[in-house]
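Next, two complexes with chain A in common: one pairs it with chain B, the other with chain C.
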Partner chain A sequence: MAGLYGVLDTSGSALDTFKTWMAALGDNVANVNTIKRTSESAFQARLIEVRERAGGGVEVAGVDFSNPEGTIVYDPTSPLADAKGEVRAPAVEMSDQMTSMIAAQRGYQLNLAVIDRAREAYQAALQIGK
Partner chain B sequence: MGDITIDALQASMRGLAVRQRTIADNIANTETPGFVANTVDFESALRDALAGGESPMAVQATTTPTTDAISPNSSNVNVDKETVSLIDADLRYQLMVQGLNSKFHILRSSMGG
Partner chain C sequence: MAIPLVGSATSAALTSLQQAQSAASTAGTSAAEANSSFGDMVSQGIQSLDATQQSADKLALQAATGDLSDMHDYLIAATKASLATDLTVAVRNKAVDSFNEIMRMQI
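This part shows the complex of A and B:
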């Protein structure tokens, strides 16, 4: 972790983490309309937990899942509907997912910009003695 | 090296590298709940060392946590400030490289190269 190379390692860990977060969000959004029978548990959104990485950077600490209960929706036309005409929809809030997606995307771009900056510094260092 | 100019420039580059790493860490943790951003200072220690006639090579950078309020379920990283600090540190680093090269140029001229 000596010198400037630590920047690549640190920002690289952030790219990794933000990418994991974006993948989970993408999956959650893709399944926002995934309905299940009331006898089954609902689609569970993936919630990524992050923590500070020892020695610099960030890492995924774990994955949490949203409530398997979901919400019961009346949809008698659905082939999955039970005797009461009800189905189970996921407890995924589209607005939450999209705001998180923006944050994750910005975070990714920001860390990419940091790597670019670090590269400039390395290139400057290569000019020493020329 | 025994040359005060080269030593001072080198100490400065070392400090700036620590600052860049710290800023990278702050930016990496913008979304980490409870994370507290750090700032790096080496200039005051370098100034004291130069004023006191001590070797700049012994200068250590000090890391201080910021005191800004932590927003709920997030960190206290100020992304705008960090970005500006990173550009500042990067440009300063390039300046140090130019300074070193100027010094080497003078040495080379004096040697008749």
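This part shows the complex of A and C:
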């Protein structure tokens, strides 16, 4: 049946991919304030790698992580601060995350629209000869 | 004169039935199975419909128990099951219509 409902499978794979991307972005945004000691590595933002799927569609190829160095921030009031009064903040840029979130959301919505149109088209085809 | 007419009408009816059969078999199964009988084609189509419905049922159960990881997976499976059911019903209706048309034939 894969050939008969090919559009549904193709768009379904895109929905899976965009959902994975949104989950990664959500995790990154959730940890935007995760401060670590300078002796530890910073929170690493997740970056999703995608590739085209054989036979149509898209799939997640793997996950990359951002720089574990993060950014050193001077915050002597923090209980995690070292002798120099510095802590390690994650290298997560909120504006980048939010623009990516818009792209992921729009991509998800687009593929839902494709599925809806395909379903309407299939159902119209069933009316042939009636 | 009447007998050749009946014969040509029957062959025309048979031809249209075969056309419906080949159209149905390309819709339901692969082209390699186009030579199998109409009954085989229908039972294969119903088996694949059953498989589609079972996968949708499995995801519906996961949705009910909270085990579903992706809600779109269930909705796509449900859409597929619904479309496959509609297609099977359409093929069956066409077959029954053809049969009724033959049964109405004056002999």
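What we mean here is this: the second predicted complex is superposed on the first by the 126 of 130 C-alpha atoms of A that agree within 3 Å, B and C clash if a C-alpha of one lies under 4 Å from a C-alpha of the other, contacts with A are read in each partner's own complex, and residues count from 1 in each chain.
Everything that follows uses one rule, which is that contacts are C-beta pairs under 8 Å (C-beta built on N, C-alpha and C of every residue); 3 or more make two chains touch, one makes a residue touch a chain.
Worth saying up front: this structure is predicted, and the values here are computed from it rather than measured.
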{"item": "Combined model on chain A where chain B meets chain C, clash or fit", "value": "fit"}
{"item": "Partner chain in contact with A:7 - chain B first, chain C second, else both or neither", "value": "first"}
{"item": "Chain B versus chain C as contact partner of A:23, first or second or both or neither", "value": "neither"}
{"item": "Chain B versus chain C as contact partner of A:58, first or second or both or neither", "value": "first"}
{"item": "Touched partner set for A:112, first chain B, second chain C, both or neither", "value": "second"}
{"item": "Dominant contact partner of chain A by residue count, chain C or chain B", "value": "B"}
{"item": "Touching partner for A:102 - first (chain B), second (chain C), both, neither", "value": "neither"}
{"item": "Nearest-approach distance, in Å, of chain C Cα atoms to those of chain B in the combined model", "value": "5"}
{"item": "Residues of chain A at both interfaces, chain B in one complex, chain C in the other", "value": "1, 4, 11, 129"}
{"item": "Touching residues on chain B, where the partner in the complex is chain A", "value": "13, 17, 20-21, 23-25, 27-33, 35, 79, 83, 86-87, 90, 93-94, 97, 100-101, 104"}
{"item": "Touching residues on chain A, where the partner in the complex is chain C", "value": "1, 4-5, 8-9, 11-12, 15-16, 19, 112, 115, 119, 122-123, 126, 129"}
{"item": "Chain C residues touching chain A - in the complex, by the definition given at the top", "value": "27, 48, 51-52, 70, 72-73, 76, 79-80, 83-84, 86-87, 90, 94"}
{"item": "Partner chain B, residues of chain A touching it in the complex", "value": "1, 3-4, 6-7, 10-11, 13-14, 17-18, 21, 50-52, 56-58, 103-104, 107, 110-111, 113-114, 117-118, 120-121, 124-125, 127-130"}
